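One chain, subunit A, appears in both complexes that follow, with subunit B as partner in the first and subunit C in the second.
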Partner chain A sequence: MTAPGRRPAVRAPAWPAVVARRLVSAVAVLWAAATTAYIALLLAPGDTVDILVGDGADTPEIRAQIIAEWGLDRPEIVRYLSYLGRLLHGDLGRSYRLQRDVGEILAGQVGPTVRLTLAAAAVGVVLALVLAVATAGRSVWPRRIVSAAELMAVSVPQFVIGILLLFVFSFSLSWFPVSGAQDPQALVLPALALGLPIAGVLGQVLREGLERALEQPFAVTARARGLGERAVVARHALRHALLPAVTLTGWFTGALLGGAVITEALFGRPGLGRVTMEAVTGKDMPVVMAVVIVSAAVYVTISALLDLAYRVIDPRLRSA
Partner chain B sequence: MAVAAPAVRPGARVRPGLVLALLVLAALAVAVAAPGLITRADPLAADPLRALAPPGAGHPLGTDHLGRDVLARVAYGARHSLGIGVLATALAVGAGSLLGLAAGLAARLAGEALARLFDVLSTFPELLLALLVIAITGPGTWNVVAAIGIAQIPTYARVVRAQTLVVRRSGYVEQAVTFGHSRLRVIVRHVLPNVVGPVPVLATIGLGQAVIATSGLSFLGMGPQPPAPEWGTMLAESRDYLRVAWWMAFSPGVALTLSVVCLTVAGRHLQRRFEGRTP
Partner chain C sequence: MKVIRGALPLVLVAALTACGTQTPAAPAGGTSLTWAVETEPITFNPHQWAQNKARLLVFNQFDALIARGEDGSFVPWLAKSWKVSDDGRTYTFELRDDVVFQDGTKFDAAAVKANLDKLREPGYNPTVASIQLHAFDKAEVLSPTTLRIKLKEPDGLFLDFLASPYAGQVSPKSLREAKDLKAGGPDVVGTGPFILDRYVKGQEVHYTRNPRYNWAPQGSAHQGPAYLSEITYRFLPQAAVRVGALTSGQVQVIEGVAATDIQSIKSNPALSFQSALNSGTAFSYYFNTSHPPFDDKRVRQAFREAVDLDAVLASVYQGTAKRAWSIVADTSPFYDPSLEGTYGGNAAKANALLDAAGWTERDAEGYRVKDGKRLTVRSVASAPYVRDRRDILAQAIQAQVKQTAGIDFQVKIVDQGTAQQAYDNDEYEIFENSRGDSDAGAALNLILPKGGAINRSHYEDAELDGWLAKASKSSDPAERKALYAKVQQKVVADEAIVFPIYVPSDQIAASRNVQGLGFDPVSGTPRGAYDVRIAA
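Then we have the complex of A and B:
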């Protein structure tokens, strides 16, 4: 931790400083993501020209043309820098396999994935809040049941949950379609499969936070003022419990993005996950690299937003 | 902190959940070491005439779409699903501890740079990092070990680095240095043993996560290639037959879930026991 003397300065920095620090770390994360992706490209086996020629006509002229077109004759460092430069202009490169702009490919598939992850995030957050508020500080049995359910939600791989949901609600009860993404009904099971494990982890953290907060003097004071237990939780304790949950951002984003790949495969949904899988199997490195960079960008954005939310939730962090 | 006090005392009370978890883990260890003890059937022997047979005599857990015995495939699959998880965790623990130790002992700037690198890498979703490795190496058993192992390195490296920073300033390290012991001796005899304390706890929980990741990658078709039995692959195959043959999904799903639940229970028990112990 920091030295006691420096504490106030660290605790309540001015807004410009906060924003500047955030920006620097965001740029660092994105740069590291871009560089990791580039290193992966260098490590990928196979000659780039061979991959680009593919099944097409293979003559020395065509090879020379490809080398010139993709700039493969330039020194490594120049290619790395020009790659970074193109990224700065929002150019994610071109797909080896599809010969189209990667940005275009991803933009065409982002809709279904955004719908899926937002729905799953809503399922996770709402369920976690309801369970935590309903069981925090309660008698032993409801808590035991809920914490057992949370243990299951944390431990069961989401594709197992997904297959169970498919079996019960699609094949046995025929309530929901088995696959596809056309109507909103088709979103219910995938969102549940992706959201339930998140609800398990989040619910646990929230409940522990709530139980700690309910023992604090301010909760006792609120009760002494004659406030009901529900009001104490809703108005005073919940804010406290949210703080540790906010630190789970990285895990939360990762669970959603990584989980989307598996969920889309299981439910046969279109989206970024399917694009990723096709690129990984097809060794289409530009697409794989773009997915890495885009998910880093999503992570940076979400964690910046939550960092701001953190300051709104916790008045101690606001600048004086 | 003090809320969980009654349960912490080791050996104070037999915990039925923990005992059950350890028994299941022991049974799984048998399946990994000697699957032949569990069933006589061959996990690869196809019998098209008996395809999709429900559980019954001869095939206690039924057969799959090629007529292979599900019990045999689940039993032999433990070697793949759990074995890959164990190897990947070992890789992550080994490399992560070394890197974390290096980052904690290195000169200030280099250590700081390594620490930032761990931070950045741990922001990547583990599955995406693993897929990035698979995109380079292609699918297969050993590639999945590498992919999951590499993806989990930052977790261990960060913890070990934090511990190292505390330990290197401790009195006993200072004393060992003043005694004139060599740098290597101080690191190996005094720093390392005090740094790795939290690692077994983390590794137990991490093993559960590695097993989930293994089966997830296999589910996506990146793991051991068919016809090798692996729980995630079996679940992926079962999806197309869910309407007619629930038993194809049931057994691998239960095996996978049980393994991870038991590892998590054991890991949490260790966590409670060692919580609050300072180096």
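Then we have the complex of A and C:
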């Protein structure tokens, strides 16, 4: 604990410095991600020219044309540096497979993935909060049932959850379309398929946190002051329980992006996940690189937001 | 309180679902329909076309110079007629003069020349330039409706090329100005019955009717504009999801039906089902003859004898797969039916052959061994090409060859790069492949001759190469058939370098009221939407 008198002296110069430090580290992370991905793809089996030639005719003339078209005759280091150079100008390159600007391809796919992941995150967080608050420290049976449901949501493969949801709510009940442009309806099932496993994990973490917090002396004090159990949970215990859950946000960003690959293919939705899968299997370097950089940027942004969130949730950090 | 708490999850699900409760999709009827397809095309430019599964889209938007009739013969399309010189090196085409591209440009001989010249431009499509156009010399515009094409040498496959998606005519304006010409899309236009007006990558492609269309190929079920005013193709890669979308009325047509779903669709009175065998080559295992053990013909024969293929196909595909007996698919006019029943499924013979070849010992796991080495053969397949449950099929064959003959068959399904590397380094014994070329000869030219692009059996035979070259140059169907019969006898019966397994097929399932669906007579893939209509 810092003495109250010293606080302004520490805080005033801290903000610009914090922001600057964040920016520098963000750029470093992006560079490292881009470079690692570049090297990984270089080391991955299969010659780029071979892949571009495919199963068609393979003659020296064809190879020469492909090499010339994509500038594959330059040394690796030159290609790497020119890639970084173009990256600085916001040029993500051209897809080998799709023959279009990567920036354009991704621009059309980011929106649907953002909508899907945000909706899934909302499903996950809201369900987890509601279930944890409703069952934490309460009678045994509801808790057991919910806990078992959470375990199922975590352990059943996402693909199976998706198929089940489709069979029940789309093919049998016809409540929702399997895919389509009518996004609000078409979004419900994919968001549930992607969000349920997250609700499962988050719910368990939250409930444990809540139960631990409810046994703490401050909870006893709050009850002694005459607060009802709900108020104790909402005003006091939840804050404590949120910290480990917020820490999990980093994990579930990854789970969302990874799960999007399966969910998007299953529901016939556009999105980054599908593009990534096709690009990786087809060794479409420029697209894979761009997706890595975009995902790294998402991670960096989220971890910055998390730091802020910690400060809001935990007053002890505000003075640090 | 407890009751309410217990009901919370339900309430939540209900709240989530309530916001979306609506009519699922417009009921079938009217003149628009939605068709769920398995494969999203990599490109919409016909010149860049490379996926048979995307063939059904090409001729919605584009027309070729000539078409093929139900019997496989060439019939007029954008070309009214053509003459071939006696030496087989000059083709003269009379073109229709009433055809307009969707961007308003007039279709004429100069447009055809622009398409052909574009295809030969370095870097545009090197594969087509060096294979399909290997004999092409030049195109000359004699008048707006007369085009002369000169070849360097006779080419029996040239008309097949002019009827293929590659010969889909793209507006010269698009060729000059389209920003992403190779990717195709709304700004790469043709003369076809439908106009591609919206493409949402990963989701769907949407076409509206071309009201001016009045140049359907001879032999079409109707003339004039298409029946449907619009059509949406939705990309649903999962077979079970496509079937569910069809049975729940969210889409009216699907292509690509899994063997496991065929029976339930056939027995559903509201649905229709049809299928057709594909053209080209059968799905086959090619034995790598460059090194042991398949450098020994007896081992190649033994592998085929060790598999009871009818039983394998029945269990994997539930009786819906057609067994192949030749490298050439049954649908081809060159198919040699005399190969049927001549080999396979004889365990005693398999074991005798392997004993004779010196694989006499057995190891602890029951596999045959020779000179301390186990009889192991590896198949490396690239995941994007593994369709039709070919992974399950391989597992069934794996179990059979182990049980009946002690062969250790290892199946690896890997990414494209890893597969490519295994092929380059000759680290495989079995190469699995099928090709959907409309002329089987085109596929054989890639697979069989010395130096062929996918000659992964590494089999070389000067006599065989001679037959193939001669058949490619000839335009006489009878002569070609005789030559290809010799080819099939040699590679299937005499040398056993290939194990033909099944003839790939395509399936269409649809609501009963959708009519005019069918298959391209030559490729066996679903036809475009031109003749499709919705009955009252």
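Odds and ends about this structure:
In the analysis below, the second predicted complex is superposed on the first by the 256 of 320 C-alpha atoms of A that agree within 3 Å, B and C clash if a C-alpha of one lies under 4 Å from a C-alpha of the other, contacts with A are read in each partner's own complex, and residues count from 1 in each chain.
Here is the rule we use: a residue touches a chain if its C-beta (ideal position, glycine included) is under 8 Å from a C-beta of that chain, and two chains touch if they have at least 3 such contacts.
Nothing here was measured: the structure is a model prediction, and the numbers come from that model.
In the superposition on chain A, A:264 makes contact with subunit C only, while subunit B stays out of contact range.
Within the superposed three-chain model, A:155 lies in touch with subunit B and out of touch with subunit C [touch as defined at top].
With both structures placed on the common chain, the touch criterion links A:163 to subunit B and to subunit C. Applying the stated contact rule after C-alpha superposition, one finds that A:305 touches neither subunit B nor subunit C.
In the superposition on chain A, contact is made by A:69 with subunit C only, not with subunit B.
When the shared chain is aligned, subunit B and subunit C each come close enough to touch A:283. Once the two complexes are laid over each other on the shared chain, residue contacts for A:44 go to subunit B and to subunit C alike.
More residues of subunit A are touched by C (comparison of subunit B with subunit C).
Residue contacts after overlaying the shared chain place A:295 against subunit B, while subunit C stays out of touching range.
By the touch criterion defined above, A:33 lies against subunit B but remains apart from subunit C after alignment on the C-alpha atoms of chain A.
Once both structures are placed on chain A, subunit A residues 44-45, 163, 166-167, 171, 265-266, 280-281, 283 are touched by subunit B and, in the other complex, by subunit C.
Residue ranges of subunit B in contact with subunit A, taken from their complex: 3, 116-117, 120-128, 131-136, 138-139, 208, 212, 215-216, 219-222, 232, 235, 238-239, 242-243, 246, 249, 253, 256-257, 260-261, 263-265. Put simply, subunit A touches subunit C in their complex at residues 44-47, 50-51, 53-59, 61-62, 65-66, 68-69, 97-101, 105, 108-109, 112, 123, 126-127, 130-131, 134-135, 138-139, 142, 145-146, 149, 163, 166-167, 169-172, 174-182, 184-185, 188, 192, 264-271, 274-275, 280-283.
The part of subunit A that touches subunit B in the complex is made up of residues 28-29, 32-33, 36-37, 40, 43-45, 151-152, 154-157, 159-160, 163-164, 166-167, 171, 211-212, 215, 250, 253-255, 257-259, 261-262, 265-266, 276-277, 279-281, 283, 285, 288, 291-292, 295-296, 299, 303.
Residue ranges on subunit C touching subunit A, taken from their complex, read 2, 5-6, 8-9, 12, 16-17, 19-22, 24-25, 36, 42-43, 48, 50, 122-123, 126-127, 130-131, 180, 182-183, 200-204, 234-238, 240-241, 244-245, 247-250, 383-384, 415-421, 424, 433, 446, 453-454.
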